[in-house]
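Both complexes shown next keep subunit A, but they swap its partner, so subunit B is in the first and subunit C is in the second.
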Partner chain A sequence: MANTAGRMTLWQMLTATRGKNGKLHWTDWVSYSYLILGVFLMFFPVVWLVLSSFKTEADLQRYPPTFLPYQQITVELPGMDGQFPLFEITGGEHEGKTLAQLRRVGLVAQMVDPSNPDERLRIDIADRQPVQEVRLAVENYTGLFERFNFLRFFFNSTFITVAATLLMLLVNAMAAFALSKYQFRGRTAVLLLVIGTLMIPQTVVLVPLFLIVTEMGMLNSLWGVIIPGAATPTGVFLLRQYMITIPDEILDAARMDKASEWKIFWRIIVPLSAPAIAVLAILAIMWRWNDFLWPLIVLTESENFTLQLALNSFQGELQTEWSSLLAMTVLTLLPIALVFMFLQKYIATGIASTGGK
Partner chain B sequence: MANVELKNLKKAYDEAEVIRGIDMQIEHGEFCVFVGPSGCGKSTLLRMISGLEGITSGDIVIGDDVVNAIAAADRGLAMVFQSYALYPHMTVRQNLSFGLENINTPRAEITEKIKQVAAMLQIDQLLERRPKDLSGGQRQRVAIGRAVVREPRVFLFDEPLSNLDAELRVGMRAEISALHKRLGNTMIYVTHDQVEAMTMADKIAVLRLGVLEQFGRPLDLYNEPENLFVAGFIGSPKMNFMTGSIDGADRSLLTLDTGEEIRLPEGRFSHQVGQSVTLGVRPNELQPTDEGVLHMEVASVEQLGSDSYLYGALGDGTRLTVHNPGQTRVGAGDQVRLGADPGTFHLFDTASTLTLRAS
Partner chain C sequence: MATDTQTGASAPVSHEPIDASVAARAQTIKVSRDGIALTALSAVMRLIEVPFLALQRMLGINKLAWVFLLPNLLLFGLFAFLPIILNGFYAMTGGDNVLLQDRPYIGAQNFDLLSSCDNFLDPNSCLQDKFWRAVWNTTWFVTLQVGIMVGFSLLTALILNREIRARGFFRSVFFFPVLLSPVVVALIWKWILQREGVLNAFLDWTGIGGYNWLIDADWAFAWTVFLSVWAHMGFYTLILLAGLQAIPRDVYEAATMDRASAWRTFTKITLPLLSPTMLVVLVLALIKGVQTFDEVYAFTGGGPGTATTFIIQYIYEEGFAGAPRLFGLAAAASLMVAGVLVLLTLVQLWINRRNVDG
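Let's look at the complex of A and B:
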């Protein structure tokens, strides 16, 4: 291929080979097999999830499972109410015909020919095969809105994620600014303390944290989920490490320009730390959106449930409504996938850029 | 009036004293250059004046006010930094207006001032660009513009030209001098380059290890250095030094360590008989001549066409540099005799390094 580096189209990049003139070098085989295996391993569960979310409850229980969502074709019969499933007859005297089933009694099904609905036929159930077509069970999704308070859960999740992320970015950025750009007695001690909290597992502080939240009357309130996680050692450390690379001379220049420290923070530090802040925002959004344990502890009334808690409540002790569960899972995944799609470029730039001149 | 006065100014980090008591009086409108080798404390001194660095003791007076306790922003100064320190996320226009916005200057006035300064510094084509899209020289102009636009009482420059290439540096040097003439402000300029100091300054302050070695007009420093350090630091190539001692009986006879004898002029120096002294002669005052008393073996020769430099050593290994106008026939390995006009001699006490010039 006569490609000059840097001028490849996406397709050329994806199909680049080491072998020339259409022949494949053995390394091409190895690398492409490996990559395809990787794509399969990563992507197949997601595809399976999305397709399964469009299957009816019956289709989900079917063995062996099918890849695409199938539904039995149904017809209306003149003079009768409702939809009747179609079967293809594979044996007996009516072999080859397509009949609609009225009812089934034991091993015998009572069926009619849709073109001649008055004549009732008795068919052995071993002799029929359901007529199916690929059809999406959209009712899994619409049902979420009709039967469950999906929008309420969605709002709760969104509110917690947005508010907690903003609060976390603000608190962490201010702490990081102080720890990276001010000289004060005990600065190292404070930093070590912050990082030290990383070594304490969340489960250890769960009970004391719960007691504090209860005492402050934030139980069963969204703020009870938001506030305890607002300051994170990871966030402070990540932002501090980035802010250290901002030259002090720029801050000195701003001070000479009569900027207050608060203004320096907003007009200089925050814009220059944007790549690191974006990375932290992505992490925070994903963490908050997917958070389960802490909301489960704080939120007990279903009207305050987040999506994750609602998903959990689908899983009953005796039976699980898989079709709704899967549909909701897909809807829960969508926002986070979108966020990641739009912000992922900052992850690379956040790591690569130094913020200098 | 924006004269700057430093009174017994000191700065110490824990035990380490970096500024050891500096007294200095910079008059209004003067262009004062702090010069010295790296680590001499010149940048620290500038930052102390700016207010970005605290002081340990002493006073800083700007105009009529002691500003020790006044924050950097309120001292009425503007500073140009070595790394330019432009705000990378703002356009040139925003860089220039940031300081004015902070003191609540009306929009129209900001626009007008930026227009004037941009025209003066020839950056009016660059106003909408960001610093990363500018060349080094352009960034430097913007950094200067940012200082000028705020109309400060005193300008502080912290090695502003050290990141530029040689050719650009010469150009910017002239521009900063011209700017000083036009604005008439007091300017304090830090550099390690003595050529920059000589060409731009009204007054030069030579610093070493936190001590003010000498403060005065450039030619005064060149002609009448107070000590060996200033003598060696000011002037390029640097002054030649030869150690020796005054004859025990004849006060005008200097015997170098090589044994060569030199007559000192009468009345110019206040040396004693038998004193250990260092003789200083500038490279351009040494001449190859048949009557010369110094015997130098030439190690290398640089011919620049208009000038030539001879590098060599005396018998005891003392290195000498000789600067001759025009071209020379002398080659490496030659023995030359050197002489100099006694009127150009500098004499220092070897022990105290202070000048022995009679006052």
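Let's look at the complex of A and C:
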């Protein structure tokens, strides 16, 4: 509803002088140009990343880069082992032919015609152009699983995300239930306390948090990442705001039927708050999957690394090997991109309702 | 409700949200009934019910609220309030031991060390020059980043609030980078900006000529601002868009009747009515800006030199990355950041209250 109302507001305001018969006003042209530029600026970097991740290391070294991933076509030659790259000859006596290169000695390449492999030809390397085709270098991805403990990192990230999200939903929903549906002394104090935690983000208590986690024996354990962030003021407020709108009569009716308070919470409040819980779940998944600083401090051994940590440490080690690094980056953003594609409507409402408060 | 839908199209819009939410709730209840995982879950929940029932008999319904609150408060206490107190102890002790009992008391030495400057504006005159460099870098960064980001977010929100085709699509496009992890964002732009990257290829092609962006201190700093705006502006656009759509329509209708010009309507109606949301967005962006670490650390590592080292990175490096681990210094610096954040949060709360009071 707010949507329809809003659509009219600025529209009417900005089109006060707009011509009739549905033509686009100049402000529309400006708006659409801005938006299309925005699409380019927001999407192109990611598209470029994905395309680049399918290029071979040799293709990545090419400057200026090509848009699509290319690979040189290779052929097998009868009676010889291995694959030989194909070249198109652009000058000299063999101009126009497509030849396979056997070896290159200095400025001269020894080549053969694949249809006549017995005759060796000597070609000046300035006279040849590689024959290429668009081909995806899938080995960048398969290599990750062979060379690195990639599945381990993936598991760590997934475990932390799932466990932390579930824990957070339960703990925050219980607190939100208490703060929205009970009258008790000290409720205002608790609310103020929750607001107080808004002022203490993890970034300003790193040192003592490190001590507490160490003392609890959770250093270098996935639980050391999961538990300290399980209670969030945002989550409590988001859920409380929604639960307040659930009519008290439903609870009273359930109490008449002798339902226990826990049952009311679990069978009535939680299902009825499902939209808000879904929003919080999506936010939590996003936060936890992308979390960086705290895991960086708690998880020091590489077998406990999350994907984010692994990616960051590999960018140091693999500085010169972009093919693996780019493939790993794509795999790290993929789960979140999928979540986004299917649930983006919820995410939008979630941000709008938490951020504004 | 049924009669409303029968009476036809006269006012279908006003009832749509109610219908939709009832349907949504009914559906979620239906969905939650099936699924094996949920059956197992409900068994667990029935187990939890037993001690809860006992507590309910002992405490009565209203005091049971505390039981529901307990896990959350425990976590808050242990991982938010206790740490902020301990932070004080760390700041007043020295050495590189984690355990507080092994740390010698040194009073305000850490603070003295951090604040021993001939001239606060010139980091070179400070004993902890890196700290002051980080402070000034952060100040500049926050000013530029928040200013540019909120400006562009407002512009985008205003445009998205017009009658735009495929608005949902455009909104998602601007929001998309918010979801990307900081490390991914950093690597994407590092790949684009590298010496033989696509941006330089484009610049060479146009004849402007490429540049080794991240080697140059000023350019590296400018790109961190850009990257941060790119990654976060969708979030603030969404909040501002929600704020714009909450402005009642009849105010604009009245303005149209009075033949107010578009510009006048914008400055006299839209901006004042949006200002509560704007202020919230500003403070929120400031709070987040001060804490910038992840994407910049993965992007430039704080370099070249200390050109993009911000305050949280200073804390991280003093306390955790280097040897000896100077927990005291890190904690003292943390307390200073905490002071700034508390101030900003109080401003935010004060703004909220002022808005409520009118």
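FYI, the second predicted complex is superposed on the first by the 297 of 357 C-alpha atoms of A that agree within 3 Å, B and C clash if a C-alpha of one lies under 4 Å from a C-alpha of the other, contacts with A are read in each partner's own complex, and residues count from 1 in each chain.
Just so it is clear, contacts are C-beta pairs under 8 Å (C-beta built on N, C-alpha and C of every residue); 3 or more make two chains touch, one makes a residue touch a chain.
Because the structure is a prediction, the values reported are computed rather than measured.
Engineer: Scan A:T188 for contacts with subunit B and subunit C and give back first, second, both or neither.
Structural biologist: neither
Engineer: When both complexes are superposed, which of subunit B and subunit C contacts more residues belonging to subunit A?
Structural biologist: The larger set of subunit A residues in touch belongs to C.
Engineer: Just checking: does A:P228 make contact with subunit B only, subunit C only, both, or neither of them? Give me first, second, both or neither.
Structural biologist: A:P228 contacts subunit C only, not subunit B.
Engineer: Let me test your reading of the model: by the given contact rule, A:T203 touches which partner, first (subunit B), second (subunit C), both or neither?
Structural biologist: second
Engineer: Look at A:I250 in the shared chain and tell me whether it touches subunit B only, subunit C only, both, or neither; answer first, second, both or neither.
Structural biologist: In the superposition, A:I250 contacts subunit B only.
Engineer: Determine, under the contact definition given at the top, whether A:K263 touches first (subunit B), second (subunit C), both, or neither.
Structural biologist: After superposing on A, A:K263 lies in contact with both subunit B and subunit C.
Engineer: Where does A:N116 make contact in the superposed view: on subunit B (first), on subunit C (second), on both, or on neither?
Structural biologist: Neither: A:N116 stays clear of subunit B and subunit C.
Engineer: Does the superposition put A:M286 against subunit B (first), subunit C (second), both, or neither?
Structural biologist: After superposition on chain A, A:M286 lies in contact with subunit C alone.
Engineer: Go through the superposed model and pick first if A:L49 touches only subunit B, second if only subunit C, both, or neither.
Structural biologist: second
Engineer: Just checking: does A:L272 make contact with subunit B only, subunit C only, both, or neither of them? Give me first, second, both or neither.
Structural biologist: both
Engineer: On subunit A, which stretch or stretches are contacted by subunit B in one complex as well as by subunit C in the other?
Structural biologist: 255, 260, 263, 271-272, 274, 355-356
Engineer: State the interface residues of subunit B toward subunit A in the complex, per the touch definition above.
Structural biologist: Against subunit A, subunit B makes touches at 50, 52, 71-74, 77-79, 81-89, 98-99, 102-103, 131-132, 146, 150.
Engineer: Considering the complex alone, what residue numbers of subunit A touch subunit C?
Structural biologist: Touching subunit C: residues 1-14, 16-17, 27-28, 31-32, 34-35, 38-39, 41-43, 45-46, 48-49, 52, 61, 63-65, 170-172, 174-175, 177-179, 182-184, 187, 190, 193-201, 203-212, 214, 227-231, 236, 255, 260-263, 265-266, 271-272, 274-275, 286, 289-290, 292-293, 296-297, 308, 311-312, 315, 322, 325-326, 329, 332-333, 336-337, 339-340, 344-345, 347-348, 351-353, 355-356 of subunit A.
Engineer: In the complex formed with subunit B, which residues of subunit A make contact?
Structural biologist: On the subunit A side, the touching residues are 247, 249-250, 252-260, 263, 267-268, 271-272, 274, 355-357.
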